[in-house]
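Right, one structure below, let's go through it.
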Amino acid sequence: MAAPPAAIELEGLTRRYGERVALQDVTLTVPAGTTLVVFGPNGAGKSTLLRVLATLLRPHSGVVRVLGRALPDDGWAVRGRIGLLTHEPLLYRDLSGRENLRFHARLHGVAFDRVEELLERVGLRLRADDRVHTYSRGMVQRLAVCRAVLHDPDVLLLDEPRANLDPAAADLVEPLIGAASGRTRVVTSHDPAGGLAEADIALGLRGGRTAFVAPVDHVRNAEIGALYR
Amino acid sequence: MTTRAELPHTESPAGPTRPPSDDPPFVPLRVAVAALLRKELGLELRAPQAVPAMSLFSITTLVVFHFALQRGQVDGDLASGVLWVTLLFAAMLGISRLFVADHEEGGLDGFLLAPTDRTAMLVAKAVGLFAFLAAVEVVAIPAFALMLLGPSPPIAAYGQLAALLVLADAGIALVGTMVGAMAVQTRTRDLIVPLMALPLLIPVVIGAAKGTAPLLATAGPHSVEVRWLFVLGLYDLVFGLLAFALFDYLIED
Amino acid sequence: MLYGTRLRALSIATLVTMTAALALAFFYAPMDADQGFMQKIFYIHVPLGIVALCGFVWGGINGIQHLRTRDPKYDLRSYVAIHLSLVLGAGVLITGSIWARASWGHWWVWDEPTLVSFLIVFLLYATYQPMRFSIEDREKQARYASVFAVTAGAFVPLNFIAVRLAQAYTHPRVFATADGGLPAKMQLPFYLSLLGMALLYVTLWRYEMASKNTSWQLRALRRKLAGDDAVPPVGRTAAPTLPSS
């Protein structure tokens, strides 16, 4: 059987922010079904990388291919196959949990029973009709996870997904966004051990530039620590 | 390295696992517009902010006009002017608030991630603003008639007034959506909106005020000159095309 | 594109044309019986107005190019075009006011639809720089400015039509201008002045483009040679920034 095409291909990706560089010359390949973990201090470009992959930002130069389609021109074709989870939950505080998910379901052409199923799985079914501004931070994060996987994306982009989640909640969302879900994932992390454990490839960013990119077994904790100095 | 097809699917979508296909998922425009409008109007009904504020503001403006003009009653040109200035300034409030909720709660990103045409946001916001303006007019126009308008226009005039309102509101809605989208990214949002929107809306003021004046006159034919309907229609067409062509550039990153 | 070439030739051409035009206007063109000498300001006012409006449209065209290609050089061209036209526009309003005083005795009149619609256009474009200044993200600033330039450019003719319609039948045009029928002796100074204003605009535009381009290139060179820290970071500015690579 032929190997499936790489889910993500980057060649010389560069993105500026004013005169500064947010990402400089990033090159890597993420095969389908594998996980890329991204390490780096704040401002290293991790969030920018995720936003470019999510088709929200255009690359200033270089090649970006997601699921075989070149961005930004073919971004419209893959948007529906990408799920993004960032620091902002992208939820309306005055709408209920269920209403928020139904809104996103309509925008993605997803049936409502998927909404109910996800609410059940993250343990929010009982509070689903309460407005989001009454939710605790952990509940908001769980709802955001539902939003990110609602349309069953092939590629998941996760910016510190377990923030605000207690161990019980983290267990609830694990099958949806964890390595066992079978999706291609890009995860940012500040935790060397945890990050390496759930990934296949690791990327270290510092000041927008690639410090290292290698399969997980070839990366030492010292290299990760060096990024933060 | 296992591929996705080999792993057991622990969570199931509404049907069997979607086979990897080349068909890009895409949601048609009308579905996206309906979803956005539903959210827009739903939010306003759930936590009313814009419409009550705009309505109250319009009534307050009428009171200010009474004292500023030192009149108990107005008719003809003056009445038309008072009415349209009141509606216009209330619209400024609505335009300033139009994209704020989305900008603050990340709603724009949520929409930008959806596999649909960006124009859906333009249509939904413009229709939403139009609906808000109509709701405000339901309050403001009777208030105006009660408080300041001298003559009572004949029934036939109401239909023509409605036509003018529809055309003028469409223009305000289109310009308002563009200016609102631009303003929400600036740091001086509340200053930029009136500065930019008012000059752009002067042709609407011209068409609407000149058109309405004979309807509110004490005597004479209570009919709108077709010329003003033409001006408003042309304006709506030009700005409709402009908005359609340019709006995508305003909301993408 | 090198903007600095032919600047000297252009400057001389502008100077010569404008001087000739003004000389003709003062000495050759007929004196208006009613308005007297002040009427001659028409030879400055109308050409300024025409060139300013063309400048706004040129700004809009560059705006379209910027949106299509995302090349920041078009944003710079658009910015310079608009802000020059705004300066000329202020001149139009001032000379228009003087002319109104000479013709009707008031410093401002609503009777002249061209002047009124010009005021509206001026008020609109006056928001261009404040809007740019209030958006910090450079790329967004440039993109929004281009959308503004295109919208405002399309607005100019629409506004002109609306204001004309509002005035028609109530205040007939009192004097003929370039699109009417100019008496023969007025034509030469007028067209010469129009040419002179156009040359003035092009020369100033090229000067400013050359100046801005050069300072950005200088900055880029400094950064390459001495590192990122050798240049102070660009503070908030309304002017377009060009990429340093």
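Chains: A, B and C, in written order; residue numbering restarts at 1 for each.
Following the convention adopted for this analysis, a contact is a pair of C-beta atoms (placed from the backbone, for glycine too) under 8 Å apart; a residue touches a chain by one contact, two chains touch by 3 or more.
Bear in mind the structure is a predicted one, so any value in this text is a computation, not a measurement.
If you sketch which chains touch which, every chain touches every other chain without exception. Counting C-beta pairs in contact across B-C and across A-C shows that the higher total falls to B-C.
Ranked by how close its C-alpha mean sits to the mean of all protein C-alpha atoms, the top chain is B. The distance from the centre of chain A to the centre of chain B, with each centre set as the mean of the Cα atoms, comes to 35 Å. Taking each chain's centre as the mean of its C-alpha atoms, chain B lies 32 Å from chain C. A separation of 48 Å divides the Cα centre of chain A from that of chain C. Taken residue by residue, chain B touches two or more other chains at 253, whereas all remaining positions touch fewer. Those residues of chain C in touch with two or more other chains are numbered 137. Those residues of chain A whose C-beta lies close enough to touch chain B in the complex are 4, 31-34, 51, 54-58, 76-82, 84, 86, 88-95, 99, 103-104, 106-111, 113-114, 117-118, 121, 147, 149, 151-152, 154, 175-176, 180-184, 200. The touching residues of chain C, when paired with chain B in their complex, are 67, 120-121, 123-124, 126-127, 130-131, 134-137, 140, 143-144, 146-148, 150-152, 154-155, 158-159, 161-163, 165-166.
Residue ranges of chain A in contact with chain C, taken from their complex: 16-20.
For chain B in complex with chain A, the residues that touch the partner chain are 1-4, 7, 9-14, 18, 20, 24-27, 31-32, 34-36, 38-39, 42-43, 46-47, 101, 105-107, 109-116, 253. Residues of chain C that touch chain A in their complex: 137-138, 223, 228, 233-234, 241, 243-244.
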